[in-house]
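Each of the next two complexes has subunit A plus one more chain, namely subunit B in the first and subunit C in the second.
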Partner chain A sequence: MCRANIVMPVLPQMGFSVLTDSTTQDAARHKGVGASTRRHEDDRYLRGRGRFVGDIRRAGMLDMAFVRSPLAHASIRSITKPDANSLRSVEGVYVAADLTGVTGIVANSALPGFQASVQPILADSKVRHVGEPIVACLAQTRAAAEDLAEAVQVDLDEIAAVVEMTTALDPEMPLLHDHWVQNAFLETRTDINFENAIAGAAAVVKKSYRTARQCMAPIEGRGCVAEWDRHLEQLTIHSATQMPHIVRSGLAECLGLDHAQVRIIAPDVGGGFGYKGILLAEEVCAGFLAMKLDRPIRWLEDRREHLTGGANCREHTYEITGYAAADGEILAVDCDALVDSGAYSSYPFSACLEAAQVTSILPGPYRMRGFRCKATAVATNKPPILPFRGVARTGVCFAMELVMDALAGELGMSPEAIRERNLVPATDMPFTNITNKFFDSGDYPQALSKTVEAIDVAAVRARQKLATGRKRIGLGFAIFCEQGAHGTSVYHGWGIPMVPGFEQATARLTPDGWLEVRVGVHSHGQGLETTLAQIANEELGVDPEKVRVVHGDTAYTPYSTGTWGSRCAVMAGGAVGTASAEVGDRVRAIAAHLLQARAEDIVLADGAAYAGTAKVSLEEVARTWYRQPQLLPASVDPHGLEATVGYRTTPDTGTFSYACHAVVVEVDMDLGQVDLLDYVIVEDAGVMINPMIVDGQVLGGVVQGIGTALFEEMPFDGSGQPLASTLADYHLPVAADIPPIRIIHMETPSPLSRYGQKGIGESGAIGPPAAIANAVNDALRDIGAEVTEVPMTPERVLKVIARAEAKSREAVS
Partner chain B sequence: MKCQLRVNGEDHTIDVEPRTTLLDALRDNLKLTGTHVGCEHGICGACTVLADGEPVRSCLMLAAQADAGPEITTIEGLSTAPGELSIIQDAFCEAHGLQCGYCTPGMIITASALLERNATPNRDDIVDAISANLCRCTGYGQIVEAIELAAEKLRQRNASPSEASQ
Partner chain C sequence: MKPVAFKYDAAVSVSDGCGALRDGANAKLIAGGQSLGPMLNLRLVRPGSLLDVSTLPEIREANETEAGVVIGAAITHAEIEDGAVRDPTGGWLRAAAANIAHRGVRNRGTIGGSLAHADPAADWVIVMTGLGASVTLEGPSGRRDVPMSDFVIGPFETALSPDEILVSVFVPKPAKDTRWGYWKYMRQVGEFAKASATVLINSEAGASRIALGALGQQPIILSSDVAEKVIGERMEVREALHDAFNAAGLPAEPENLALHITAVHRALAIAHADNN
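Moving on to the complex of A and B:
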C-alpha cells in the first residue's frame, strides 16, 4: 500500500519503549483535526490487555449453550429434557414455556403494507431457520452446557422450506408466518418520470444480477454476560454490541423492565460491521435467566453458530434495465430488486431497511431523467437480515455500475467516458438528485479523472492487447457515493423503528485538568478514543493524551442509537466538538477573571488559556472552579466545567462521501482464477480527522468488499441447510489474496458537519464487487463472456467462459 | 487431570478435564486472556501462541499435550517490561496495524516468530507468514507495513544495541 497526498506526522508517545525518530516540532504541536496521531486504545490491545466479553468471569457464573434448530422450517412436536442425574454440572434446561412474562422481539417498519413478525426468544411452536434457538442449557462450564444441549431431544415435523427468494412469493409456497398473505415483509415502489424519460433511447440493456448471502464474520463472535444486582434491582449485561443504548431499550421491552433497571456495558468489542447492531434473543434469554436464578449467565457464540445461524446479509437480486441516449446520457433506469430478508424482522433496523434503501439509492452519483424501481423484502427460512457494512449500497453499486459498463459497451464508449458524461459535476454542487438525495459537496468527475490517471488506463490497455492467450487482463471501475450520518428525516422516510435524532455528548473538565468525554456511540476498531480526543483538542487545546473517552456503558453515557451508518465521526464528533466548545466558553470566562482579561480575548491552546502571552493552565482553571471558588466572582456561570449537548447537522440529510475504485485483474481462462494486479481508490471523506485511521477504514472495507467479490458465500441446499459450517468452507480474504492498494485522498469539506468531515466507515466495502466484476467482464469481453453474480468463484467464472465458448462454437458450425 | 505448563517463563500446575484445549487452559485456568478465541477450529489464528518458539494454534492443542512439554509464550510474555511495548508491538501501533484488537495478539505472536527466524523478510515472506491469521478489520496492508517497520527497527537495534536500550 502506498498513500498519496497525505502527510503522516509521527508523534511521540509517552510510556512506550520505542520512540520514533522522525518527530518534528510541527507534528508534535498539531494534535487536533487532521493529525495522524497514534491511537490511544492500541496499548491495551497490543499487550493482550483488552477486555472482551469472553474475558469476563463472575463468581457463581453459569455458561449457557443452546439447542438450535437443525431444520430450516418445522413444527415443534415435543422437547424432552435429559435426566439431570445422568449428567455432571447440570444446572438447568429451559424452553419457551419457561420464559414467563418474556415477549418476543418485534421490529415493525412504519412503511405501509409491512407484514410484522415476532421473533421468539426460544422457538415455541415453530422454527423458521437453521440455528434458531429452541432450548437454553445452563451448566458450570461451556463444555458441560454443550454436553447438556446434546442430550436434549427435540422432535420436529419438517415443513417445506422457503429457500429461494425468487420463488418465495409463489402462491403455492408455505407461509413463514401464518397470518401473512405472502412471504414478503414489504414491497416498496418508486416511479419518477420513467415513461417520459425513455423515449428515444439509443441503447437499452436489460440485465439480471445477484449477490450471495454472506456472514459478516467479525473475529470475535457475539456474546454476553448477564447479572442481576439485587441492591439496584438492575440487570447488567456485558454484551459485544455496537449499540448499547438500543439493546437496553429492546431488553427492557422484552423483559418488561423499566429502562433504569437495565444497564448495558459494551466492553472491548472485536469487530462489528453490523453483525453486532442488533438485539439478540440470546441476550434476552440470558437476562431473564440471570434474574430468575439470581446468578450470572454467560453466553459466547461459537464459530459454527455464527456461520450456520448468522449468515444474514447481502443477498439481493436485480432485474435491471438501463436506457441511454446516443451520446451516453443515462435517460432512465428501471429495476425490480429482491432482498432476502430471512425469517424475522430484526431489532432495531427491521427487515425492510435494505429493500427500502434500494429504491432511493440505486441512481448512485449519476444524473438521470427517469427512474422506476420496485424492491421487495422477501421472507425466507434463513437467518434474519442485518445491515452489513455498506448496507444495500454494495449490491446497488454492483447492479448500477455493471449496467453502466453494459451501456458503454452498447454505445461503443469507454467505461470512463460514460461515467464522466453522467456524474454530477462539481459546479452543480450541492445537488439534489432524482430520488431527492441531497449531495452536500464534492467533485465526482475529478475523482474519476484522478483514478484514470493513477491506474494509467493507457498502459493497462496496451498491456491488455499483449495478453491474448488464456490469461486475460481487464480493467474495471466503480464510482459511488455514500450517505453517512443521515438523521431523522431520512430514517423516518425509510420507516425503521429506531429513528436517530440529536446525538449527545458530555465534556467534563476534571479537577486535575483532564477532559472526560462521554459518548453513547461505541468504538470497536474505528479509533474513536483517539479521534474524539483530537476533536476535543481542536476546541479546548487540551492535550489529547489528557482526554479520556468514555463509551460503551449506558450508565455513564448519554443515549445514542450507537455506531452504524458511518455516523460517528460526524455525529459523535460534532457532539463532542460542541460540548467541548461549550466547556471552552466557561474555561474562557474563568481564565479571563484569573488573567484580568476579556473572555473574548482568551485563546485556548497547548493545554492553557492565553491572554496575549499571559496564560493560565487548564489545570489551574479546573482547580479554581472545583477547589478554590473563593477566587471567582459571584457572577460566575454556575453550570461549571461540564456540558452535555445534543448535536445534529442542518439539514440532517447526511454527508455524502464518494469514491472511485479502479482495478486491474488477470483472469485465467483455464482455472477461472481472478488475480488482482493493481487497485486504486480515489476517495473523498471531506476533512479527515485522522488520515491514518481513514486509510485503515478504507482499506479494511475494501478487503471485505474483495471478499464479497471473489470468495464469500453461504450456500444453502434445497431444504435450507447452510453448507459452510467452518472457516475452511467459508473463505475470508487472507493477506495473500490482497494486491497492493493505493489510496488517493481528496478533501472537499462538507458544508453540513462541524469540521467538514464526512462519514467514510462503510465506503470501502461498497465498490470492490462492481469494480472487479467490471474488470473481469472487460477481460472476457472479446470472447463474449460476462459475469453477473458474486462471488466470482473459479466455478462461476469457468461457467460463463464455457457458455460463451460453446456459443461461439455453435455460431461457427 | 493434572498438567504442568511452563508459560511465559513461569511454571504452573493446573487441574483440567482431559479434553481441555490449551487455549481454554491459558484463558480459564491461568487467566491469560490475551490469547483470543476466534474459530476454535484452527483457521483464524486468533489463538496463536508460541510453543518452543514455533507458532501453534492453541485451540487445536490440548493442555495435556503441553504437559511438561514445550515452553509456551503468549502475548502477555512479549512485553519487554510492565507498561512497555516490544518493538513489534510498537510498530503495530505506529503503522496502524490493528483496529478492534481482537486478532492482534495472534498476529503479533506470528510476526515475532517470523522475525525471530528471518531478520530481513521481504513483503512476500511477511504475507506468507500472516496468511494463516485472519483479520477482518485492517485489510492486512497496514499489518504488513507494521511488520516491515518492526523488522527494520529490530535490525537497527541489533546493529547498535547500546542506543536501543536507552
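Moving on to the complex of A and C:
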C-alpha cells in the first residue's frame, strides 16, 4: 500500500531567460531545461534489463567470501588455513601476509592534529571492528567459499572494546591505534564572538541530543568483479561505485600500479547514498587476487555483511546551548558535538569530514551574533563512518531545530515566529553567514510562510485541542539550507585525498547527428542520463532521445571526483552545457556555410540549424563534417564537432538550496507509536532542469529521513557486537509508513550556476528527524515529555512518556 | 549467506515422509520455506536433507464437518485470506490471514509450517489458541490429536516428535452469538507482533476465552473465570495480567505489562464491536 501523493502546483518561472526567451520553441514540445520529461534510464530499469555487478559472469570466475572478525577489538594470535584435501572446490585461502606489495587504505586530512589510521586490506596483527576482513577464501561458488571460510581457524586475543563515543576519550580506554594519544581522529573548534554575544540573553536552553548509528542500506550492496585484461594489460574492475575515478586512484595506490593499469567500470548501480563512495578493502583484495591468479574474482556483499561489517553513518551527540533575546533573536549557539567515526579513516572523505562539517554548518539558515562549537571525530571499535545523504546536516538540523523550538517554548513564542525572526531575509541575499558560508540566493522566510499556509497551522491547532485522550496530535517544523556543488575553495582546506576542481565533460556529435556526452560522474537513480540530455537539448536543440550519456567507465570518461555532495546537476550539468555550447558554435559555423548565412544568425532548435526559415539538420551538418569534408571551406575549425571542456562555478563556494518541512503527527501514548498524518515541503532547488526528477529526489530523500527519524538504528552491545544482522532487525521505512507528501516549489535561480539550478539531491533526507521530533514534542508538551534522540522508536517514546508521568505523579503527591 | 549443501526431495505421502524423517540423516521438513529459508541462509539450521511437503495432496485439502473445518497443514496463508478454504468462523480466519507478513510471504507460507515453527509472535499460534483449535499429528506409530494449548510448549517448541508431521488443524465452529476480537501490535506492516491478544466472548455458555501472544514463549490463556470477569468489567485487565504473568513466571513489572494490557483492551474493544 503506497500512500505517497504528490501535489505539484505549477509555479511561474521566475525570470529565467532560457524559458521566457525561447521564441523558436513551442512550449508543449519543450524538452530542455524545465521539462518534466520521462527518464530514459527507466526503460531498462523497469523491464529488469539493467546490468549490475551481480549480473556479470566471466569464464573461470571465482567467488570470494571473507572470514570476518567476530570480535570488535582483538589481536590476532594465529590463523590456521584448512587442509585443502578435506574440502570440495578449494581454490585458495589468503591472509594478510599473502598480499605481497599491497598497502592498506590511508585517507589522511591535512587539518592540524589529525591522527592517521591505516585500514589493512586483510587484518594482520589486530582487528578493530566486528566484520573486518581477516581471510579471503576463493571457490567455484559463493556457498563453497563460505564453507571454506567456516573451516579457517582464527585465534584471537580479545581486547576491551571502545564502543561508546562519550567515554572513548577517557584516558583509561585502550587505544585503537597504538601510536595515537587518544581515541580521536580530529578535534575541530570554532569561536566567533561567542562571549560578547550572550550578554543579556533572556532565554538560555541547554540540551543533549543524539542521532543513532545507521546503515545506508542501498537496495544493491557493494560488489565487484575484478579481472586482468591481458590485451590492455589492465586490471579491470566492475564495481558498484558512485565514484569510479576515485576508486581507480585508491586502488592504484594500494596495489602499487600506474593509473594506466587500472580501469574501473561502474555499470548500473542500485543506489549509492554515500555508501558507494568509498574504496573498499574487499575491492583491493579482489584486484590483487585477480592479478595474482589471472582469473576473474567476484565479491558480492550480502545484506548481513552490509549490516554487520560495512561502513555506517550518522552517529552524533550534541551538548548544545541556545541563547536568545526576549524578542526571540538568537544571540548565540554553543555546542560540543561528538561524531562516532568508527575504527578507520575511510578513503577518500576521511574520518574528519563529518565532524568538521558540524562546526561550519550548525547555524543553518539563521543569522546569529555569536557561535562557538567544538566537534570531535571519535574513534571506536565500530565500522568506519561515511557521509550519508545530507552528511552532517541531518544531525545538525536535528540539534539546531530542536533548540529553536525549545527557545520558542521558553519565550512563549510559536515555532513559526522564532524562525521568522531569525531567518536570513531575502533582502540580505546573497549573504555571508557567521561561519563564512556564502548563501547565493533565496527567500527563506517565504519558504516558511508558504509552509505555514500549506500545512494550515490554524486547522492543526484546532484539531490538536480536540485530541485529549491517549492519542495526541503534534505539529513540527524544520528549516535548513544545503550547500551543494561546492568545490576547490571549500575542499582544499580539509586536505583529504580528493579535492574537486573543474568538472569536465565531452560532447561529440556523431556522423548521424546524435550526440554523445561523456561525464565522469555516475548516475545511479538520479536520472542524470535524462537531465544531462535535456541540458544538451537546451544548447544544441538536439532531441534528448538522440543523446547518449556515457558514464561509469574510467576508460571512456573524463576524470571526475564523481557523484556526491549534490553536485551533479550543477557541475556535470554546467560542464555538459558548456561543452554542448562549444559544439553548438562549431555547428553554427558549418551550418552558416551550408545555408550561406552568417553564423550569428543561426538558431539551433528541433534538431536543426535555422537561418530564418531555411534550415539544415544536425545530421546533415555532422555528415558534412565527417563524411563530406570536401564541402567545407578551408577556414573551418579543425577541432570539429567534439569538445571537452572544464567547468566550475564562480565563486565555487556552492549553491544553497533550502527547504522548510512541516509534519503533523499522531502519538499513541499507550504504544509509543508515531504516525505521520500530513507532510509538507516547500523546497527551492533554483531552476529545475526536470521538475519530476527533482520531486523524485526530494521524495526519496524524505523517506530516508523518515527512516532516520523513526526506524533506522544499528545498535551495538557493550562488547561492540552489532545487534541487527538482518532487515528483520534493522528497520527500514516501508510504503505504509509514508504519509501523503506535498511538495511545493519555489524557483529562485542561483546566480552561480549555468542555468540557475541548485544542488538538491540530498536535501530531502535532512529535515525529517528534526520536523518529526519537534512534532512529537509538540504533541507531548502537555504532559511534559520530550524526545531528544532518534530514531523515535516506541520504546524511546514510551520511556519519555513514562518518565514525565512519573514526575507529574510525584508532583501531585 | 548461502546454506550448507543439502539434499532435496519432494515427499510422496505423509507416511513415507514420516519414514524419511525417522531414517534420514538430519532430515527436515520444508513447507513454504518462509521461516526455514532465512534460517538456512544464515546457516542457523544445517540439515542433511530437506523433504518438501508443500505440494503433498493429503495435507493440501480442507474438509468441513458438522463441528468445524479441518484445514490441511500445507494450505497457505493466502488461500485462507482469499477464502479458497471454508472459514468456519465466518471471516475471522480470513481477516487474521490477511494481516500476516505481506502477500509474497502469504503466497508461500503455510498454516502447518507456521504452527510447527511455533514462533511466539506468530499469528496462527495465538489465533488458533484463542479459537480453541487442535492439531492432528502423524508419526510412524499413527495419528494423534493435540489441543493447541498443549501443542506449543515453549518458544519454537512443540509437542511434535522428530519423526512426526503436522497433518491438519481443526478449527471448531463458534457457538451462535460468539464475538471475537484479535489485535496485535506491529511497529510496521509485515512485521512480527510485539504484543497480541484474542478475546472470544460467549458468556452464556461460559465459554469465553482470552489469550495473549508474543510473550517470547507459548501463549497465556486466562482461566475462563478470570476471562468472564474481565469481559464483564468485574476485574481490571491490569490485575488479570499481573496474576497471569506471575503464574507463568514472566516479569510482571508495569513496563513489561503495559503493551499486553493495551493489546487486551484493544482486542476487547474489537470483540465488543463485533456483530458477527
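In this text, the second predicted complex is superposed on the first by the 782 of 813 C-alpha atoms of A that agree within 3 Å, B and C clash if a C-alpha of one lies under 4 Å from a C-alpha of the other, contacts with A are read in each partner's own complex, and residues count from 1 in each chain.
As a convention for this text, a residue touches a chain if its C-beta (ideal position, glycine included) is under 8 Å from a C-beta of that chain, and two chains touch if they have at least 3 such contacts.
The shown structure was predicted, so the numbers you read here are calculated from the model rather than taken from an experiment.
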Practice task
Considering only the touch criterion stated at the top, classify A:726 as touching first (subunit B), second (subunit C), both, or neither.
Solution key: both
Exercise for the section: Kindly classify A:300 by the partners it touches after superposition: subunit B alone (first), subunit C alone (second), both, or neither? Expected result: first
Practice task
In the overlay, answer first, second, both or neither for which of subunit B and subunit C A:143 touches.
Solution key: both
Exercise for the section: Check the residue A:287 against both partner chains and state whether it touches subunit B (first), subunit C (second), both, or neither. Expected result: neither
Exercise for the section: State whether A:768 touches subunit B only (first), subunit C only (second), both chains, or neither. Expected result: neither
Problem - Contacts of A:104 with subunit B and subunit C, given as first, second, both or neither - result: neither
Handout entry: Contacts of A:736 with subunit B and subunit C, given as first, second, both or neither
Key = both
Exercise for the section: Once the structures are superposed on A, label A:670 by its partner contacts, choosing first (subunit B), second (subunit C), both or neither. Expected result: second
Practice task
Please name the chain, subunit B or subunit C, that touches the greater number of residues in subunit A.
Solution key: B
Exercise for the section: Determine where on subunit A the residues touched by subunit B overlap those touched by subunit C, and list them. Expected result: 1, 143, 302, 726, 728, 734, 736
Handout entry: Complex contact set, residues of subunit C against subunit A
Key = 1-5, 38, 42-43, 185, 187-192, 194, 255, 258-259, 262
Practice task
Could you pull out which subunit A residues touch subunit C in their complex?
Solution key: 1, 141-143, 146-147, 302, 304, 670-671, 673, 711, 725-726, 728, 731, 734, 736-737, 793-794, 798, 802
Practice task
Would you pull the subunit B residues touching subunit A in the complex into a rising list?
Solution key: 17, 19-20, 27-28, 32-41, 43-44, 46, 74-76, 79-81, 83-87, 89-94, 96, 98-105, 108, 126-128, 130-145, 153
Handout entry: Partner subunit B, residues of subunit A touching it in the complex
Key = 1, 10, 13, 15-18, 20, 38-39, 41-50, 52, 54-55, 57, 143, 217-220, 268-273, 300, 302-303, 524-527, 692-693, 695-696, 699-704, 726-728, 732-736, 738, 740-741, 764
